[in-house]
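Next, two complexes with chain A in common: one pairs it with chain B, the other with chain C.
Right after this comes the complex of A and B.
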């Protein structure tokens, strides 16, 4: 049996290090085959609903948002007052916009940093063969996701209320506090509550993502490691984590992007308060677009576009990592 | 083509086409044939959730008297309403009549939301005679000889600035509910007793967003007379950081620090429930609370209403009365101006069914009704006694009556609309952080004042006869009415 050494400067053996005879047979990419005849019609028929919806609900609103952002427009009546880049100038000088941006980034980073590791741990536990009641735990962890965000916000508003909320009542009954603690009275504690409630709600979804990734790790690798006497910790750190790393990058990206859209919880839990200290960008846009009369669509559109640019830069940086991850995924076959 | 495939393609095409046709065919016509004649449906929107049953009764009675007109009255919660109605106008789905008090006549005309009350724009004298003299003014509810609005609720008794006391909590605390706190010190003493002798909080004070106004108007009106926009007509300045306002806010902070405000950043609904559930002894709010609590099953024999509390040094301010009591408007998008005008005449009949039922339900006091004669509810009578005391509410100066061109000016509205809730947000922030209001609110006052002054200067340069002088009434004793004869001097 011949062994293959990796090329100088690389730790891992790749396909290019093997001789053509040793390489795995190339997969034929059928997706690039030309579609002919009636199949072309069917392709269009099946794609048409999606394309129509995509044009109507993604491309058109995007173009409209760009257009509106250059006007001083209330959303009612003709779009006449061309404002040039005035809206952008005002937003860049608006301290509340920057508070919102910072809060959104803090929220996105914190939720991602907390929810991904703990949902991964839960997923690893729930994919262990020895664990009983997996279905029960999966349902328990997934259940908060089916509660509407508005309802979750209301539930926690009442739970955390310092007057008669359950949490404060327990703390008082245990003699841990004399007076109820108002978590919404301080920017940082209010933000932390937003983060924790968001994690509580979305935890199950990320756990499912991780479970899907874990189920793609070939079982024979674990069997081989067991024969070699590897501990569970070694299996985790030497087999599981390296193999799911490409998917982890994608899950992280999803987690960040989803967290940047936070809105419903802010509306129901803090309404941007105390004062304006927990404003996030979606709430800022909403308040400018609908929070006063006359509406200020132009300003809100400009804010939405500016934040999209910021988010795009962040996501693009992640995109590079995702591309690398996709390559690794193909290599690992997961 | 394979015949089987062709058949499938035809079926799919037909299904898509029928769906598209069905979507295009939706009708929005609000007239329908019923029996012998055509029945018009008049859509009315407001945010009086506690009046839903009343509106149903009103609709049924009106249709009984006018079989060709059906009333469809929709009540939406206040916060949603402020977004839903503008969106309805934007999408050409506005109701025929709507309730709106957030902006005045000139803004509504500017937004093209309203049309005159009657089809031809004029209203007969027997209609305007239902109101006291001086109720119909150019710029307030009339423009270019056409009448667009009418005062609905009167403004002497109706409004915020009343203190509600929970009988059960006061009794448990050993306090006499019929001898309510009269001064700030009395209030603190009552709170100390409630906290010491009951499990209830003292004051259920909502502090979330603009709901902060409930306790604010319950206290500040005794110190300083200003408009609800934090504007002082005596000095012509936005006054969030004026001495009276700072003093009042410092007192609220003192109440909070002492634990006399129910903890939490609560909204008005939570605080109202807290009071009704006997979890708080005191709640500040307005005339409408009778019907709100009544609709929630908390009857008026469980509480009493009292005047707001004064600073220990005595009252130096008053609640403000304004000319703008317009509430219901006819939509510019209505296809039924005749039906709307018929309904308006019917609802404003001082002896009609609408008025009788309105007072029977104790919803408040109307401007076209003899309230002394019509009010029978004991708590509403109590409110009327309080509101009628000299100096409890005073008529604010009206810049429009000093400078008619103010009707065309946008400067004041523009100064307010950019950040409409800024004052409440600043108060909320200062309250939870313990910072003085002066430091948190200074930027807001400066921004508003600058916007107003610069806006007026620009408008004056373009030919309007407007200036800061229109908004300044230095000779006014702000504890008394600014009467119509004062404009002449």
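Right after this comes the complex of A and C.
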């Protein structure tokens, strides 16, 4: 997805490289023109729908979240109970917040580490020319995406329930367990179930991302490699992976960030339980803001902000690490 | 010579298929098992459901569950809401992203770079972290517990990614095309009308992505329809249904079956276009 974030000046650079004669300062940008006259009105009309919604539902909420986080506010009446950094103080001291953060990070890392490689393998396999039934298998792996994730959670609560769920029936038939065993009774097995169900549900989307990335690899390269007698493994490691690497970074980022939003699955599968041991941050925020009376918008906002900062640091650290690795590799020529 | 190499290649292909297909079939069966189980449970009787374990064969073909789910439990209403929310929010997302992306890619204006950077910067903001002010905003607009409020919240927050997809696409359109349009005397709107059809692959991606994500949306409908079942979508309604009729799993399964069949059909219909569109939109 290399065109997602083209540097604003990228076309400019290539343009001027191509024709040095045109690099006059008054024509900085060849491809974008200035608007004149009536066109200015049209420009505003075109920008207005996005700008209005963007300011109202993204920019203002961001600012308001920061503002609310310094107040003690239940959502009723005016915001006047200035609390300073009290909300932050109590959140940092709230063990439930840290349980939520740790669970969210475990969940995000585990799902990403598992789903990305296997969806890549599936994508490579399902784009091979020799494979029969590609269309059928693509549909099979994509199918869970059409069930709302919260509903998928409900199906699995039944399939996994200890008294008459399918999992326990199979385990009993195989003679592995004698009596019902409850995967939701323990924090770690409950978290594992969240991870696995989430991978099951979202897998198809990442498979499609990878398939799109693979379509950008020119077929001629494979043909040339085949003439040189390269093995399938060599083709994969020397052609496919290097070419899709830039897209892979973006897919990884998307995977991590999307996983940090996990909400519906937690609500329907574990509701944060057993006890509060599988709380995730979005559930923590929801519970504080809307889940229990009295509502505490200030506290929820402070939690949201703190977590955004944590997530931002992690994501940019990952981005930096990738860039560093790429630079090192270039230096040593590996 | 060539015939023998062709023969070995063909036998290699057969062998590769013989290895890959059984693995794919087993994994695929595990993958669709929850679907098959749900469809089969939709036909089971309550008693049959509780004793059937992992079996996929219903004890009888029973259509009562579908009637009960659709009529009594109000799945028809949830279904209607889900379709409405998904269609309208997809339309809003598409229009605002296409218009904004076009202008950002083609025109130079004060604040352009700033806006572009802001959009990139807010690409990864989680819904959960800004949902409280969104709630307050909808409340102040007097739209709390209305369908318009849910739609507005669903199509207001997202969309940065879609704008960037359109910017990427429109910047890659050769300038000559615009010059030609101008020579033919096409104005601002006419030019846009000429160029937009070229963006079909991006449009397809935005439509499919946004449709799937609004079809699956849970957090926003949950918060914005608290205590208003007649406004809820399938995902949220299903949960309250389960809370209310905790033992009616066959009715629940029937409701699920009704709700995922249309999506499955849409996907089968658009499948090829989907992958091709995504590949086209991401071509760098």
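Some notes on this structure:
Keep in mind that, in the parts below, the second predicted complex is superposed on the first by the 275 of 334 C-alpha atoms of A that agree within 3 Å, B and C clash if a C-alpha of one lies under 4 Å from a C-alpha of the other, contacts with A are read in each partner's own complex, and residues count from 1 in each chain.
Basically, a residue touches a chain if its C-beta (ideal position, glycine included) is under 8 Å from a C-beta of that chain, and two chains touch if they have at least 3 such contacts.
Just so it is clear, the model here is predicted, and its values are computed rather than measured.
Applying the stated contact rule after C-alpha superposition, one finds that A:275 touches chain B and leaves chain C untouched. In the superposition on chain A, contact is made by A:75 with both chain B and chain C. The larger set of touched chain A residues comes from C, when the choice is between chain B and chain C.
When the shared chain is aligned, chain B comes close enough to touch A:179, but chain C does not.
In the superposition on chain A, contact of A:36 is made with neither chain B nor chain C. When the shared chain is aligned, chain B and chain C each come close enough to touch A:290. Contacts of A:162 after superposition on the shared chain: chain B is touched, whereas chain C is not.
Common to the chain B and chain C contact sets on chain A are residues 38, 45, 75, 164, 290. Note for the complex: chain A touches chain C at residues 1-6, 8, 11, 29-35, 38-39, 42-43, 45-47, 49-51, 53-54, 56-62, 64-65, 68, 75, 125, 128, 130-133, 135, 137-152, 154-156, 158-159, 164, 166-167, 169-170, 173, 200, 205, 208-209, 211-213, 215-216, 246-247, 253, 257, 260-261, 263-264, 267-268, 281-282, 285-286, 289-290, 297, 300-301, 304-305, 307-308, 311-312, 315. Chain A contributes residues 38, 41, 45, 74-77, 161-165, 179-180, 182, 184-186, 270-277, 290-295 to its touches with chain B in the complex.
Chain contact summary for the complex, chain B toward chain A: residues 1-2, 5, 9, 12, 82-83, 86-87, 89-90, 102-103, 107, 111-112, 201, 208-209, 259, 262-266, 270, 274, 279, 417-418, 420-421, 425-426, 428-433, 440. Chain C makes touch with chain A in their complex at residues 12-13, 16-17, 20-21, 24, 28, 31-35, 37-38, 50-51, 53-54, 92, 95-97, 99-100, 102-103, 105-109, 112-113, 115-120, 122, 124-137, 152-153, 155-157, 159-161, 163-165, 167-169, 171-172, 175, 187-189, 192, 212, 215-219, 222-223, 226, 233-236, 238-239, 242, 249, 252, 256, 259-260, 263-264, 267-268, 271, 274-276, 278-279, 281-284.
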